[in-house]
Structure formats: C-alpha cells, structure tokens
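Let me give you the structure first, and then I'll get to my questions.
Labels run A, B, C and D following the written order; every chain starts at residue 1.
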Amino acid sequence: MSKRIEDLTVTENHRLAEGFFVVKVSSSAGLPEILPGQFVQVLVTESPSTFLRRPISVHDVDYLSNTISLLIQVAGAGTERLSRLRNGETINLIYPLGNAFTLPVLGDKVLLAGGGCGMAPLLFLGRKIKESGIEPQFALGFRNRSRILEHEQFRDLGTVHLATEDGSEGHRGFITDIPAFRESKWDRVYCCGPEPMMKAVAALCLERDIFCEVSLENLMACGMGICLCCIVPTTSGNLCSCTDGPVFNIRDLKWQTSE
Amino acid sequence: MADLRIKIGSLELRNPVMLASGTCGYGAELEDLIDLTKLGAIVVKGTTLEPREGNPYPRMAETASGMLNAVGLQNKGIGYFEKHIYPKLAEYDTHVIVNVNGNTVEDYIELARRIDRLTAIPAIELNISCPNVKQGGMIFGTNPTSAREVIAAVRQAYSKTLIVKLSPNVTDITEFARISEEEGAEAVSLVNTLLGMAVDPKTMKPVLSTVTGGLSGPAIKPVALRMVWQAARAVKIPVIGMGGIMNGDDALEFIMAGATAVQIGTATFIEPRTALNAIISIDSLLAERNFDSVANIIGIINRI
Amino acid sequence: MADLRIKIGSLELRNPVMLASGTCGYGAELEDLIDLTKLGAIVVKGTTLEPREGNPYPRMAETASGMLNAVGLQNKGIGYFEKHIYPKLAEYDTHVIVNVNGNTVEDYIELARRIDRLTAIPAIELNISCPNVKQGGMIFGTNPTSAREVIAAVRQAYSKTLIVKLSPNVTDITEFARISEEEGAEAVSLVNTLLGMAVDPKTMKPVLSTVTGGLSGPAIKPVALRMVWQAARAVKIPVIGMGGIMNGDDALEFIMAGATAVQIGTATFIEPRTALNAIISIDSLLAERNFDSVANIIGIINRI
Amino acid sequence: MSKRIEDLTVTENHRLAEGFFVVKVSSSAGLPEILPGQFVQVLVTESPSTFLRRPISVHDVDYLSNTISLLIQVAGAGTERLSRLRNGETINLIYPLGNAFTLPVLGDKVLLAGGGCGMAPLLFLGRKIKESGIEPQFALGFRNRSRILEHEQFRDLGTVHLATEDGSEGHRGFITDIPAFRESKWDRVYCCGPEPMMKAVAALCLERDIFCEVSLENLMACGMGICLCCIVPTTSGNLCSCTDGPVFNIRDLKWQTSE
C-alpha cells in the first residue's frame, strides 16, 4: 500500500473531555485507502520541544468528506499543540502507515477492548467490522466516571460494556473484569490501550485460546521502517512496530518487559 | 542549470546529496515519497557479517533539536543482503553504497571482499564509528592504531571506492582523516553520531536500554560542521559532510565549509523530501550567484 | 524540607546549584532579577593575569537549541579584579568561585597565588577548556600531559578548594577526570563548550570572527550528561555537571547521572530564574519521593 | 536603574505596512521608569528556531495605560512570531535595558534621523524631547513610496522630512541628502537605522562637528551584560552594546567594520 506526504486542513477540533480531543482533517487530494489499525505521522509545528513527528492512530475515516478523525490525548508538548489546532490550519501527515487489524470472518463473535486514547483505532475498526456484516461489541475501561469519554459513535456500531476502576459507572475494575468479557465465548478480541490493559487482555485471551490482536504504541522516530527504533521482540525476532505493526497477534509477541 | 556533478574517488555522482546510512533503510521504504533516482547516492543500512538483533527497546529518545538512537546495527547479515536485498538494489537507477561494520578486522575484510563482488555496488562506507555496539564500531574509530589497521586491511580487500566514516567522539578529527587518506581511502564521511545519553527523572533511570546512544539532528550541526571544516583542510581526498542537515541552507553550510558532498540523516524521518529540497537549494544558489558548478563553492569560506 | 547541602572538597554549599562562569558576569548584573544568596555558588567570569579585549565582533551565533560564543575571555585582568571587583564580591552572602585562565603554566600559578590571598574566595575553577583562545585554554585541557602539569602546579600554589573544568572536546573524558583527581583537584566541573562553527550561506563566510566557537545550551545536554556520567564513575571526587540545563528536570538528570552539583550557563540568558527554579525542583522531587537529602539521588541511575 | 522580568499582556497589534507591526503590551504591575533609547528582551515562544530572547527597542511608553509600544520589523522566525501576537496573549520581557539617549538642553536645535525599524526608538525620544520644551525635527528615510511607514505620531511632535531612495516621495536619496539636514545648523543629531545610514549620518556630523548619538543593533545573547557577546570597539576598549549602549556618541566609536 502506497504512502504519501500531504498537507491536510483541519475542519473540526472537538474537546471530548479534559485532555482529550477529536481533530478532523480533510484531504483536498482525496483520501487513499486506509485500513483500520493504521496510523499517521503528524508534523508538529510551533512546538519548540517537539523534534520528531508524532504517531497518531486513524480514529475514523469519512470518504464522503475525505476526512480523517484523530483522537488525541494530551501527553506532552506535541499532543498539547495538536489539541490546539484551529479550523483552517494545515497539518502535514505521512500516511497511511503500518499494517492493519485482521478482519473477522462472518459468524465470528467479536470484542473490541480499549481505554483512553487506545479507543482511537477501535472506532474505525468497529465501523469496518459492522460494514462486513458483523455486529461488534465494545469493552471500554476508564479510571472513573468523570474520565469516561464520549462514545456515542461506538454505541451506534454495537453494544458497549463499560468498566471504571472505582465502579463509579459500569462494572467495577478493569475491562477484563466485565462479566461479558469473561463469560462469553469470543472468537476474536482486538485491543488497544495502556500496556497493563493490553497485557491483562492478552493473558486472558491466551488462557482461553482466543484470537487476539493488540495495537502497540512503541516510541517511534520515523514511522516508516527506516530507523529501526520501534522494535518489538517477537517469535520471529525484532520486528518494527511501525511497518510489521502496530498491530500484532499476541501469539507472536514476546511481551515487552520495559515499562 | 549549474553542474552539480561531483566525484568521490572514481565514482561520479549526479549531485552531492546522499541519504545517510541507518536513516533510509534500503531505499525502498521511501520510494512512495521521493524519487530516489534524483539523489546523488543512497548509503544503505549498516551491514555486518552475521545477522544482528541490535539492542533492546527502548532504542530512541528525543532530545532538544535532536535524537539519541541505540539501534546497534540491527540487520540480517551479509548473506541475506546478497541473496534478498542486493538483487533489488541492483535495479535502482541510483548509486547504492553499503555501510560496512565488523567486530574484528577479519570481519571487515570478509565483508569488503564479498561486497566487492557485487557489481552494482560502486563503493563502501567503512563504518568505524558506530557508538552503539560493544565490539568494533567506535573502538576502531577512536584509536588511531586500530583505525589505521582496519582501513589498510580493507583497502587491500576492496577494489572499488572506499569511504571511511569517522567518529566525532575524538579529540582531533584531522588525525583520523589523515590516517584514512594515508591508507588509501578515497573519501572520508563525517560525522557519525555523538555519544550522548538521557535520564528520565521520573523513573530515575537512563532512557535508553544501553544507557548511552548516538546523538544526531540539528543539535550536532555546529560540531559536525566544525569537524568537516577541519578535516577538509587537513586532507586532499573529498570529505562527505553530515550531521543535522535539515534543509538546503544547512547543506550549503557544509559544502562551503569544505564538504564535496553531504548526507541527510535524521531529517529524512521528519521530512523525507529534505534531500531533494537540498539539491534544489544548491542548484538555485549556484544559479543566483552565477557559479558554473558546485565545485566552485566547495570550501569557499576559506577563500573569501 | 530535604537537606540540599553538598560538599565540594572542604567547601560546603547550601544547595547544589551554581551559576556557570562567563554566563553570570560578576553576579551584580543579575541582582535585580534573582536573589543570589539563594544559590549554592556563583562562578564568576574567566579571569586572566593581564586584561584581555577578547575576540572581535561577531562573537555569537544562534544555533538549533543552542548558541556558539567566541568571547575569548574578555576581562580586565586580575589586578583590576583584586582592586575593584573583589571588594564587592566579598560582601555577598553567596560563595563566589573564580574561574582562572592562563596562557602558560606560570600564568596559572601566579593567578592561583593571588586569588589564594583573597579570603572571601573559597575556591577556584581552573579552566583548561576554553575553546576561544589561541594559547592556553583548551590546549591544556585536551592534552593529558599538559593537563597534568598545570593541575599539579596550581595545586601547589593554591591552598583552598581546587575545581578543574574539563573540556568535552576529547576522546576520553575519564582520562582527564582521573588526572585531575590524581593531581589533587577536589572536584571536576564539566562540560565546557563543544567546539563548533556556523557558516552564513548568504555571505559565504563563517558567522564568527574566529571561525570556530564554543557550543552551549540544550543542544549539548545529551553529550554533557554522558560525560558527567562517565566521569562520575571514574573518580571519587565530586563532579559538577553542566551543559544545556534549562530547568529542574535537566538538573535532576545530571544529579541522578552522578553530578554532586550543577551549573546553569546559557539558560540564564533566556530565563535568569532558571537556577532558582532548579533548586525548587530538586527540593520538590526529594520531598515527593521521601528522600532525606540530595546525596541520596546522586548517581541513583547506577543503583536502580 | 533596576530591571525586572515580567509577563505583559498584548493589547494591540497594528500592521503598519508589509512586514512592519506595532505591538502594544501592558503591565499589570505598573511600568517602571523607562528612558528613551532603552530596549526590552522578549522571550519568543512557539518558534522552534528561536532560542535566545530578541532585543527590541522601546518605541513608545504610555504611563496612563501602563503600555509599551514595540515597532517590529519581520527579519526572521522570531520577529515573525512576534508579528503574530494576538490580543490577550502574554509575552515575557526583561526590561528596561541599556543606557539612554542624552537629552538636549533648552535652545538646542535637534534632528532625529532614522529609517525602517530604526525609527522605533525615535518616537519615544522625540516625545521626551518635546516634553522638555524643544520641538524636534525628524529625517526619515525609506526605499520608496510604498515602503514608507505611517508616521503621523512623529508629525505630531515636530516637522518630518522624508527621503526615498528613488525619489518617489520626499527628497530623492538618503536622509543625509535632505537639504534641511545638510543646510541647517543642528546642535544634536540622534540616529537609528541600518548601518550604512548610521555611518553616513555619523560621517556628516563628525565633519560638521555636530553632537551625534547612534543606537546600535549588535547581536545579543543576554542583553544584560553577562555574556560579553555584543561588544563595540570604542576609544575605551570593547564595550557592551547592551549595558554601555545601545546608544553611543559617535566620537567614542571605532566604527565596527564587520558587516
């Protein structure tokens, strides 16, 4: 799949919650094919401490308006700048990058599990799965009620199960504590979120022999497979998270031990 | 249009701008984004005799106007290169230079011999300056005796254009440039990365798995430029300059300071078109100032 | 409040943050903006035997996350210092350290002797690393034999705390740290500036009147931090770290990598309160993590 | 005189001409005494290639609103960023810095000569001179008619003589070609502008033995006398342009020969 470098125009910047924003950017050239799980490399301007591009997952794609949505969580200076993007500003992207989630086959029972900005790739993935004729379910985890992100669009695609660590909304605990997660027989689980969440989901899926793919957020310098900084130890050696990933089947991962 | 051609030993390049080793993969990764045939050359990934997994994650840290890397020469080894990568590279209408790395002098010799047989590779860049490996690498590039030994040995083993890539982590860069020249190198390229490190004050640990790593990007440009200037005054062979070049003006600074050619490294991660833009800038400057050829401005700061 | 006191030889500082030589004048220039008595110490301007006019203009160039300077030790000489500057400094409720520079070993000895007599000056910083002078300076700091000679001579001539300021423009910083320790220095401070340069592609000339100058600022932080880490593991005397510290986190990186104290240089030009902010940051971190004393985190990256 | 470091609030940003802006910033603490010829060191944010502060002359001072005006000419990334300052943004200044013009004595015939952003300190100087009971005259030079900057406020203080290099407005040539400049007997000339202009003015004044002060724009790293980067060779050795200057009497200067 061919990648490109392009200036896109910001058409919307919507604040979801404290520190979370959805930024929509539109391509005047028309969008290329983008697969769920892929990401973009954003050039961050006007941020003196941001030297490299920043990898951000494709949150959603709208081919009618040639618009990509990005769900941005403010983590530092780079994402802080992105959170302040104004309509009409242009941002330069290299995209689409990375592999993609393996889509389920008809009849599969599918769970999309995530939390925080890890929800980002799951919306587009859910949409693609829904389009393929399967109704996905979602398990979304948050710290507490006040940290819950808007997820109307997820509800439009399928049932959403919520968990909060303090039980202030939905199930108490982590997403792996949600009864629907533990009790149902899933054919496929797709997960993106903080590392402890992904590890817990992976452990559960391995134990129950469920097909499971996770999307990793390794530190990246290039996003294009030319720097070899973003490696993930796998059963076939060190692979690049930006080209061989960011999506990996948990069976292939020697799970990273660095914090 | 001015004459952008330059010569590195017997190798003629259509222009003086190359992609630096370790920052452009094998070229293919960038084909969607830039026309590789417009480049002077590409210097492909550091290659070793045996396959290497490189260093553990994390291998990267962003720093002020730069980055640290601790990749550690991850590559599939020369055997894989010959069988699976070389055939594709041989089809490129671009000069492909291979960056060569060993643990021992024997490794370097063996690699040089094998690459000598690859007809579509006109030159090697002898990397005696990788700061991210325990054996070989920078140990050769920071000790004059070892440097001389490995360069002389490779010169014997390799019949085509030999470029020696120097480490900036030395007291006197001219010493290593001179040794390279004396032992028959046709060019020196510099600088490789500066040895640096970063600490995460939250975890109270080093950021890189290897503690130290190689610093690249515009942060190092003033140091790189100074060393290129010194080296170019010390030797007659061409100097290939690099270190923090982000745009055409930066490339011109190196050429005006004495570099016959330049390499673009880290900039490619941020703006893959940097090398192409640099070619355009050099061409425009020559046109504006009525220079016939890029040769006219090499080292011009020493003359005006 | 945690215990921020540290010791450099027999000199006890109330906290580990100092202002670096050449970047804080004689302190007075900053008095309107910061309370100097809150600092661990200030290291005043590079002082020489004879008055010096320094290098011609331009002496400065901005670079990516850094700057080049080619001041060249402009100062009015030790005589003027003794008569007109020292009396004011003697009144400060802050430790004042004098940075000492010579063309010859004899210069250094003479200076050390004269400053030894100034009772309110508890320490000197022997600068063998100034890259901006033709004689002396970095020539002493990049040659092990000369370094040893000048340190030994000054040690003889000076009875109080002797700090040796090291040049980063060397292959192996630990060698110079060890020589300093062996010859009786009570601390080493590093790094001085990295030798760099800049070219103006419009004029096709070097930007600095001296062609090369000293690079400082956050650009050099990764290199400085690496050298501080190496030096601190090589010697038992305290290491005073500096190079690109812009805020409290940066200062903590140096301390965690092994520095007993830090100096703030270029940052003062941009934010004069940097040193004071760093003290607050160190204090907060210690409180948050329940450390009794700054001594607990010196070199902590080597332990966890 | 005591200097301070303070966040001031932008209250106005007025575009004078292509590449020239007047930015007004107000102090909530109340302004200190500021002398004509002094400058401020501006911290430039959001400009990745701007590392050091930027020295900018005090263009005008209004103690009623506690406002300082800065006249900014876009020269590179730092001044470009300053030209985009929006109302309500804060900028951090170290000020007031430097020495000051020597005010004339009653009865003096006074000319203020400048061009481009060199006009900046002359407005405040003119105002102070006017307040002291002398009506100053101004000689302002520009490339051509379209490059002429608004100068109503100068006209309010005294007669303005214009010169353009191509004669498209006012006198043809440089300000030293203005008849009023050459023909009148001035007691004091104050000049700030491009170096060739200052050198021409200085030459004329030396020749005619007129008291003349110029304001130099040397490269500065600190602006506070602690880096010694901004030196000017004078008859009493290298002086700092930021503390001993930026205003110098031309008799003391060994005029700098670097371009």
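We adopt the following convention: a contact is a pair of C-beta atoms (placed from the backbone, for glycine too) under 8 Å apart; a residue touches a chain by one contact, two chains touch by 3 or more.
All values derive from a computational prediction rather than experimental measurement.
Considering the contact criterion stated above, no chain is in touch with subunit A and with subunit B alike. Centres computed as Cα averages put subunit B at a distance of 47 Å from subunit D. Computed from the mean C-alpha positions, the centre of subunit A lies at a distance of 54 Å from the centre of subunit D. Mean C-alpha positions place subunit C and subunit D at a centre distance of 36 Å. Counting partner chains per residue, subunit D has residues 48, 50 touching two or more of them. Each of the following residues of subunit C touches two or more other chains: 63-66, 217.
In terms of inter-chain touching, the protein chains here make up one closed cycle, each touching precisely two others.
Listed by chain label, the pairs that touch are A-B, A-D, B-C, C-D. Contact residues of subunit D toward subunit A in the complex are 45-48, 50. Subunit B contributes residues 22-25, 29-30, 32-33, 53-54, 56-67, 69, 71, 74, 203, 209, 217, 266, 268-273 to its touches with subunit A in the complex. Put simply, subunit B touches subunit C in their complex at residues 63-66, 68, 142, 169-172, 194-199, 201, 204-206, 211-212, 215, 217-223, 225-226, 229, 244, 246, 249, 252-253, 256-257, 285, 297, 300-301, 304. Of all residues in subunit A, only 2-5, 43, 49-53, 94, 218-233, 237-238, 243, 256, 258-259 touch subunit B in the complex they form.
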